[in-house]
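Shown next, in structure tokens, is the structure this report addresses.
Per-chain numbering from 1; labels A, B, C and D assigned in written order.
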């Protein structure tokens, strides 16, 4: 059960409400986000919600049968659109395209990719500076120095930035340079990180875990929302299965399931979702047709020389061709 | 290595060729299909294929590094189109739409669905009369009586028929009534059945196993081809994964992988691929965009009353809407 | 619901009982096995079973909430022991050991392995003569000729035989030579084959499907039982997962789950369950400790020269060491 | 390639060595642990290692073909035994038993479990105070207050403590109270946490990820080792598969694979590995027989009242029975 409270509700009113709720056998959690005030009430008893509706600070009240609450579409049937400023949105009528390298590697690389995006009218660039790598001896990203190169390349072209944050302590470091925090697949159930991002006022994109269920992804989003941040984007990036002829199995079914279960925007990552360059555009287009709010893919001036993920990265020509096809589909 | 032989090659020439091949350390299998004559040669030695090219009965010679041979695109890069007669093809420029009930249940049901297809211009109807069911106590299909109802409904409307064959002994029984034999997911590695279908001259559609790898599907096709039947269609129908929020995980990646690896047509079964009616059209369209040669889905006048698979079956209105959308996509 | 009927129940009494049952809203299936007479009743209505208990032909009546009925331990809590004659049993106090080659390859090979078993006191030999192989060009077994070699080697030593049957038409061919029919993993949902084996009076061992659920294995057993054959053995042989450092994931959990759910004996196949020779004994012993009724593993005089599965096959020395360890564990 | 260096190697010698190595086309990483000095060299060129063996600071040199290096058994074939002090070891001849509740819930609970362990001669207690829970509204542990209760209960009885650490900032907080840091399945690829634990001098137990491959677990251990901490324990706790009749699929195969690939001790967690109380002892014993160095399981005075994981937790009587059985097996 979700109670939406008046904006100016006083702590004492919340306390009093919590006690009333406790009297009905429900445990409640107060959630204050950048926009609203909620009381999440968990319990099993049958109660007549009309007895709560009159209470002065309660604006609205919603039963939510799902285990996750705030991210559920059972109380908020309209889809959420995330406003990144300068007329850039994720979720809504227009399909979002995010592109960029797996890792920021140099000033030249960052500039040339930002320029490619700018020419194609792409408004958000991805790129890792802190990289989770299976081997401790692999390239782990340029860190904050890379972040600055990335920021410079994007700022002058009016491009928004998304990058991966791997631990709570990086949130503050990255904050001045980025527009969206990305939580990677390996950290999708790193609850301390999710809690910390819930205290930020910048949007958070959460990738589905490598073998994460759809419900687990929604729970991860609930962590961020219930810690105070409503601006959440979900990302399907393929799951681990028995099939070995490609990297991950892009879960095309998940797109529709997520759009049904949650009001949050859902992006598709075809690069990780299939892991083979030639198939990336096909998966991107399929995801759009299946209802994704957009795609996030890897692009690099010379994929074969990329320091990571080159085998699933498009070059500029392939990227341009994909963008054109997405635009054609969007018109349908 | 595949040797294409002259049509009129005599048994003694094949024997002599086999011996020559054996002398080079290769084991060979003669394959005579409805259209061609092949010698499949398996071995590891490096040989100079020019020494074979001159031999009188050898028309052409192809190295194929894949473990499956005849179904590989490594020797036949042009895609195969299956001719069902009356200008109906699977594979080629036009997208194929096959629809029909999970099971044939009655004359009325068969007639009404055939009429729906006829009105929509759909040329092939699916429908089971021998049904593999998890429980021995469940409805197992109407058998040959059902087959006759099905045939009557389609014949008068010029509609082709595909139905599942569960064992070799049914091939002869079903033969007069059908245009395509379907091998179900549970029988996709029933090699005796595949061998027997290889001796038929009617096309065979093989569904991917419930947890079958892409390579296993290609091997199953190789069974049919090497037993003498070139007219094979592959069908992606979802795989079994850990995710429980839908029935199977439709493997959208498999579509492109298959189109890369084999020259055979590839259809998508969105009904089994997701298992939830509302999501079937989205998966169908995604599969088309990803490159499938067509779709095969379940339709029923009253899905909620269907004897099997009702939860994943479209009604006529939904079916019509899907057909219209496929036609729009096809024009792109 | 299962009704156990008197042995000499007349068809007319069954018909009349079926009608009574139908009147209560239940659909019933008559099952006559080599030992008993049952009526399986499927329905959802709440009924007072006492009203059925008085009926003259009804010996006993059991509610079974599982979807599978005759194989459930909900009505038969005592474990089933399969009698192979000559004091050889599967299920019961003693652990069963079955060993033998993947494929019967020659008279010498069959004789030497039978002799090894004989010296070790092993009473049942496995060996394939009809082999399901992924590739149509691979060795598919010696067929009936191999069966005869196999039979000769075992008969003189008083060893029982289990071999795989791939299609209904082989049942009659194999019948004179074998003691147990094996249904392989790829055919575990080949319902026509299961039905046909239900009409045999020889025991049937069903391997779990490559990605078959535990419930599906029980349903497959229900097919055989409900077609008339009570003598069924189940075999856990590893499932397909994402892990690639071995062949299959032996599902040690399944042993206890099966022993809980069904009264049928449960064997473990460590050779396919892990697929790497060095690990086979460890898995065999673990399965015994977890409660398996025995093991079935692959042995060959020279595994490195075996025509199939050599990488997971023990040599005689390893086999002997394993047998000794099983005997030690058995005493605990 | 791993170079073991003299203990007192000076930074300038390491620098000079690194340059020599770079000249051979290898990238090197210096690793200084609580016990040794290593240089890890990554590269593809063939080199004659004898030219490195003479160098004064190099004690020994090992080729390691695995991608992970320090945790590989390719250079250290003797198994590692972790010394916890007071004659308590993990790895070695004796099997380790670790037991305790999922979560520390109260002083009474902690005391009664510690007393149970003490009476059974168990030397290490598990218990969570920071709990990763799918839902943000679930009980997340008593935190540091719980840690103190836990510590008091164990200290007076001479019991060692293992507890989960969820983020780097908790390492310092937990340090005074614990003997082993546990990295949970959801954090098994949280590389920042692994790096930070590498800087600690207390042992670290890493659980396999929920769908983590065996190699990924070894890479995670390599993170800790290469950051300076040699005292690492691995834990198999079940993987996610399609099977739904239990919680996770305990990967019995992984025990032997790990004992082959790494010198680190390997424990089994049967509680999470199957997730159903009745089956926990069977899995524990099977894991011991397959070669695990010990087990870690959940025990609670009243599992049915536990705040988390009660369905897979043993009561004292079941725990005692399991301990007795492990001791019997150990004598074999």
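We take it that a contact is a pair of C-beta atoms (placed from the backbone, for glycine too) under 8 Å apart; a residue touches a chain by one contact, two chains touch by 3 or more.
In this text the structure is predicted, and so the values were computed from the model without any measurement.
For the interfaces B-D and B-C, the C-beta contact count is higher for B-C.
At the far end from subunit C, in terms of centres built from Cα atoms, lies A.
For the pair subunit C and subunit D, the distance between mean C-alpha positions equals 39 Å.
Subunit B and subunit C have CA centres that are 32 Å apart. Work out the mean CA point of subunit B and of subunit D, and you get 49 Å between them.
In subunit C, the residues that reach two or more other chains under the touch definition are 211, 215, 240-242, 244.
Across the complex, subunit C is touched by residues 27, 29, 40, 42, 67-69, 132-137, 166-169, 186-187, 189-193, 195, 209-211, 215-216, 219, 222-223, 226-227, 240 of subunit B. The part of subunit A that touches subunit B in the complex is made up of residues 211, 213-215, 239, 241-246, 249-257, 260, 273-274, 278-279, 282-283, 285-291, 328-329, 332. The touching residues of subunit B, counted against subunit D in their complex, run 211, 240-242, 244.
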